Structure formats: C-alpha cells, structure tokens
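Should a chain be cited, it is by its letter among A, B, C, D, E and F, assigned in written order, with residues numbered from 1 in that chain.
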Amino acid sequence: MATDDRYQRGAAKLAEIHGEHGEAAVRGLEDIAPDLARYILEFAFGEIYSREALGLRERQIATIAALCAQGNAEPQLRAHIRGGLNVGLTRQEIVEIITQMAVYAGFPAAMNGASAARRAFAEAEGGSTEG
Amino acid sequence: MATDDRYQRGAAKLAEIHGEHGEAAVRGLEDIAPDLARYILEFAFGEIYSREALGLRERQIATIAALCAQGNAEPQLRAHIRGGLNVGLTRQEIVEIITQMAVYAGFPAAMNGASAARRAFAEAEGGSTEG
Amino acid sequence: MATDDRYQRGAAKLAEIHGEHGEAAVRGLEDIAPDLARYILEFAFGEIYSREALGLRERQIATIAALCAQGNAEPQLRAHIRGGLNVGLTRQEIVEIITQMAVYAGFPAAMNGASAARRAFAEAEGGSTEG
Amino acid sequence: MATDDRYQRGAAKLAEIHGEHGEAAVRGLEDIAPDLARYILEFAFGEIYSREALGLRERQIATIAALCAQGNAEPQLRAHIRGGLNVGLTRQEIVEIITQMAVYAGFPAAMNGASAARRAFAEAEGGSTEG
Amino acid sequence: MATDDRYQRGAAKLAEIHGEHGEAAVRGLEDIAPDLARYILEFAFGEIYSREALGLRERQIATIAALCAQGNAEPQLRAHIRGGLNVGLTRQEIVEIITQMAVYAGFPAAMNGASAARRAFAEAEGGSTEG
Amino acid sequence: MATDDRYQRGAAKLAEIHGEHGEAAVRGLEDIAPDLARYILEFAFGEIYSREALGLRERQIATIAALCAQGNAEPQLRAHIRGGLNVGLTRQEIVEIITQMAVYAGFPAAMNGASAARRAFAEAEGGSTEG
C-alpha cells in the first residue's frame, strides 16, 4: 500500500474515532513536528487502528487503560476518553476502566484518570475544541 | 458486606478468571505477605472484578493493555493473558492489544509483551502451573 | 468486618492524616467516580493505613518517597506532604526524603518534588483548601 | 578535588550549557531545598557534565531523549532543549530526537515532547526567563 | 512510497545498525506477532531510522539513553548497545551515556544499564546470537 | 570536603547499611563502569546517606518504598531490603511498606516487591553474597 493511501485511511479512521477534535490535535503538531503528525495518521491510525482484529470499542478500552496507568499523558488520555464515547463506550464504562486501574497502577493514577474523565465528559458535552 | 463475604466472592471471581493458577499465585504470597494475598482476593477480585459495569472480557483487555504498557510486571501480564483466554479473548485479539501498545508505550514494551504472550499461550496449552 | 465499619474507620483515619483537606479531596471525586472515592476510604484508609504494623509517620515517609519517585501525581504528592506535616514529620525531614529521591529517581524527580513541597508548605500555612 | 572546586566547576558548566536560565532555575530551588540545588551544581554539572568522555552536544541528545521518554518532567525537558540549542543542536535535530522517541516510548510521549520543544524554542527566541 | 519499499529499506537499515542479530530478533517475533515484526521494519527502521536529519551515531545515543532511563526493556537496551558499537560509538562513550543517566533516572537505572552494557560488550566480542 | 574524604565517608556508610554485600555490589561495577561505582560511594553514600537530617531507618523506608513503586530495579530493591534489616527494620515492617505500595503503585508492584522481600530475607539468613 502506498504512503498516500495509508495517510488517507488514517485520516478517515482518526475522524471516525476522534471527530474534528482529532484532526485539530494532529494539525496542532504540524508547525513543530510535521512528520510526527504524519506518522500519527499513517502508522497509528492508518495501520494499527485500521486493522480488523479488534473493534474500535475494544481498542479504546485498551488505550484508556494504558494511558490512565502510565499517568503522564493527560491530554492524550482526555482525547481518547472522548474518542471512547464516540465509538460507543458509556461514561459508566469509562469510569469503570479507570477505577480498575487503581488495582494495576495505584489510586493516584486512578484519581487523576477520573479528573481527566470529568474534563473529557464536559468537553464532549460543550463542544469544546480544546486538546 | 462483611469481609468474609468479600473474600469468598473474590475467591470465586479469581477462579472464574484465572482457574487454579490464580489460586496458586495468591497462595504463593501467603508465606511472605499474607495480608497482601488477602487484599488481592477481597479488594481486587471481591470488589473491582465483581462489579457489573464491565464484562470480564473488557476487564482483561484493560488489564493486558495496562500491564503491557507499564512493562515491569511480566509475571502478572502473563497471568492476565491466560486469564484473558479463559474469559473468551482469542489469541489473535490478545496479540492485537499488545501490538496496539507499540503506539502508546513504544515498540520495546510491545515486543516484551509479545514474548509474555508466547509464554502464556504455551502455559495455557501445556497445563503448566507456573506463575 | 462489615463494609460500613471499614468506611467509618477509613474516614476517621483520613481525617487523622489529612484533616478536612482529605475529606474535601475524596468528596471531590464523588461526582465522577463515587465508588473510587469509597474504595479510597474503605481500602486505602480503612484497611492499609489502619494497620498497626507501621506508624503514620513511617507510612507518610514511604508514600512521599514513592510519589516523588514516580513523578506523575503532583496533587497526591502535595496532599501527602501536608499529611506528613500533620502526623509529625518536619519540613526538613520531608525535604530530606525528596532530596534522597535524586539517588533513586534522578534529579528532575527530586526538583519537581521540591516544588511540590514548596506549594504544600504554603498551603499548610495559609489554610488553603485546594487540592 | 575539594567540594568548593567542584561547585565552581559545576556553576561554570551550568552556565556554558544553560546560560543565565540555568542559574535562575537552580537558585529557584534554594529557598526550599538548598542542598539539592548544591548537589545539582557539584554532582550533575561539576562531575557528570564536566567529564570529557562525551561532548556536550552528545550529552544533550541523551538527556533530551531520556526526559522525553520518561514523560514526567516537562520543565526539565524544556530547559534541556534550550540547553541543546546553546551547545549546537539545531531545532531540526531536537525535533528529530523527539520524533524518534515515538518508537521507544510511544506517540503520546513524543507529542508532549514536541509541545515542550515548541515552548522551549519560543523561550529561546524571546529571552523569556521562565522555567 | 509503497509498503514493500519501506519494508526493504527498513530491513537494510536494521542490518546496517544491528547486523544479523537484528534480523534474528525481528524474526524471533514472527511466530507470535508477525505484524508487530513487520511494523518494526516498516516504521521504526524503514521510516524513523531512515531519516537523514540525524546520524545513526546520534540516534543510538538517544535510544541507549531512553532505554536505560526507562529501565524496563533490558533485551532491547542490550541490542541497541551492540548497535551503538556497530555504528561507531566506543565502549567508553556508551558507558558514559549510561553513567549520565544516574542524573536523570537515578543510580539503580544506571547500575542496571551498566550490567546490560557488560553483557552486550561480551556478546559483541563472542559473536553470541542471543537477544 | 575533598573527594578522598567523601569516598572514605561513603565507603563507611555503605558498610554500615549494606555490610560486605554492599562493597561487593559496588566492586562488581568497577570492571564496566568504575566512575559510576565511585559516584555511588562519593555521592549516594558519602553525601546523601551521610546527612543527619534523617535516620538510616527512615532512609531505608523511603528507598524500599520508592524502588518497590518503580518496580524496575529488583536487585537494588533486594539489596535495600537487606540494608533495612541491617539498620533495624523488622521483616514485618518491610512487608508492611511493600503492602502499602499496592495503594500507590498497584498490586503487581506490591506482589513483585513481596517476592523480592522473600529472596532478600533468605539471603540475609543464609549469608548469601549474591546481588
């Protein structure tokens, strides 16, 4: 598959999961690290998220869990919580994933994940374009 | 709910996910840290995993993703991969979760997660009681 | 021990260590993740911190060290520095723990821990209810 | 070598890499953790950075990579990006190091590293004394 | 650029840095996670390492620093230390990078990095194909 | 203070905490990273551990907590558990610190810390010189 095709496929997948916020976030990188922005589309979304072995709902569960456990990428956690809502996770399910992370990454990680969820839910409601 | 009830509920949930390996792993802690072993049953399994807001299949996706991304708890990752098989994840789905972690935690974490999966799949096949 | 008893014991222990700030921090989670807030009281404070095998002064040394070394949970580090003051650690001792973390987690973690201590000390003085 | 000599050597090395911003950052620690500030000069700069086995350009590559991969010390990453510019790394090279970290620490770490670079480049241009 | 071309370019770059050990390490993944193995060639080596903005010597400095600081991927750290030797880093320079990591990730990370270097240097000498 | 004095003071402090195992561990680094070994004596033990603002018992609580929470430096965690026994911590207290880490770093970190404690206690008993 040619690079152009992967880029287009990635842009479509990004839009499917993250809506216009996703495009804005990637565009926001183009001034400083344009090739990093391109790899996000080509590799992360054009390759990984475009694979059929796992549904988008399952992929968002995995990503929310990982980012909450790592605890050092709040903007991305927030974006993927909104993406989770977009692909069908309920708020209750997202909070449940975050609560479960107390077992694997400790309570502070879960508490900060809950704060990220509060902000992400508000953004999803209010149509905020931040992040 | 009384502590005894949570312990029993946790032991049943542990068995449902991890089979006899799970009981062996927790028992293996009792000589050195018996209360830690008890909290695993009472809190992790008796509380968190016993909640209904998320299915066991979804919970194992979250845990495999988190442990693979953290990259410093191979025995537990291996155990949860076997647990994932027990609650209905396919090998392909598990490898897919691990592959996705290359995006969020880098390729070394995904490579070491794949090695853990290889060992866990072999253990699941061979009936090994290790770990 | 019934769940209600652990909750009450945890609330009392939380108040002993963190004063009214602690209650406010846990309450602040109730809108988004009420069961996570409950587990903090029932498990973290009602179980772990209520055990007699280690004094509260020693427990706060351990927690401040761990959160400083992990370096990704500033609000919790700040709260536990204030809690350390409440249970008898001096400012000098807290700064000493943080300085020691340069050896185990590197200088940036210690520098950011020192910034957290500066804020926590000011909060303790001024009666701020933040965090 | 006497402690005073290491301190002086460290202060000179700090100034060589970080200019007046470096002195300000270390001074900023003196109210809360004066000995930590001193060890930064004596050990980090007076010993490690004063060794001849590696050039300053190479040292800044290593530090920027490590801090970007760890993802939990943005002020220090920003400071070392500015330090990298001071010792001869180009903006393009710094962005390249950060982009490479997507492979070893995942895309969120690289994205947040790129944000730190944007801020650091602006600070270097504008003569900001923050951080 | 078509996927096939990136794969070929990545395989050539992998061989340039890691020699036959690199091919063996990637091949070793193919039974369990064949697409992950492919992405290592296509993305990590076919894209990132094939960019001209940074020399291979500089890239290995960055990778050794990051893996040493993260401290949870010993096989990959060892492989990249051997790769560093292949692209012109001296043993002394590699040990110097690792020693510097004591400042940013603490002494245990540097000590374990030194152990990895000892093993990697012995492998490079003895022609071992492990890892 | 001259470098020689700090080295001697550090060697004495290392012996006080870690006994002959400590000297062996540092000596074991001298073939590969002699200056790193020297800095462990001069800086970690000759400076940090020689300060009077915190007792050795408190320092070992902090270090055991941090290394258990980080979860990626088992040899050092094991060494510091033995050092904790040497300066007066009881086995029960050490296990209690590790159990508490379940709250801050998750159950896998605490479980692996408990395994390290089992090994360290056996080494302390048997006079093993490993590690």
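To be clear about the criterion, a contact is a pair of C-beta atoms (placed from the backbone, for glycine too) under 8 Å apart; a residue touches a chain by one contact, two chains touch by 3 or more.
Since we're looking at a predicted model, the values are computed, not measured.
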Next on the checklist: If I average the CA coordinates per chain, which chain comes out farthest from chain B?
Outcome noted: D
Next on the checklist: Based on mean C-alpha positions, I'd like to know which chain lies farthest from chain F.
Outcome noted: A
Next on the checklist: When I count C-beta pairs in contact, which pair ends up with more: B-C or E-F?
Outcome noted: E-F
Next on the checklist: So the centre of each chain is just the mean of its C-alpha atoms; given that, what is the distance between chain B and chain E in Å?
Outcome noted: 30
Next on the checklist: Between chain A and chain F, what distance separates the C-alpha centroids? Give it in angstrom.
Outcome noted: 40
Checklist entry - So which stretches of chain F touch two or more other chains? => result 35, 39, 43-44, 51, 67, 69-70, 72, 95, 99, 101-105, 107-109
Checklist outcome for this item: Per the touch rule above, chain C residues touching chain A in the complex are 29, 31-33, 35-36, 39-40, 44, 67, 70-73, 75-76
Item to check | In the complex with chain E, residue positions of chain D that touch it | outcome: 43-44, 48-49, 51, 53-54, 58-59, 61-70, 92-93, 95-97, 99-105
Checklist outcome for this item: Seen from chain B, its contact residues with chain C in the complex are 1-3, 6, 35, 39, 43, 47, 51
Checklist outcome for this item: Residue positions on chain D within touch of chain A in the complex are 70-72, 95, 98-99, 102, 107-112, 114-115, 117-118, 121
Item to check | chain A partner contacts - residues on chain F that touch it in the complex | outcome: 69, 101-109
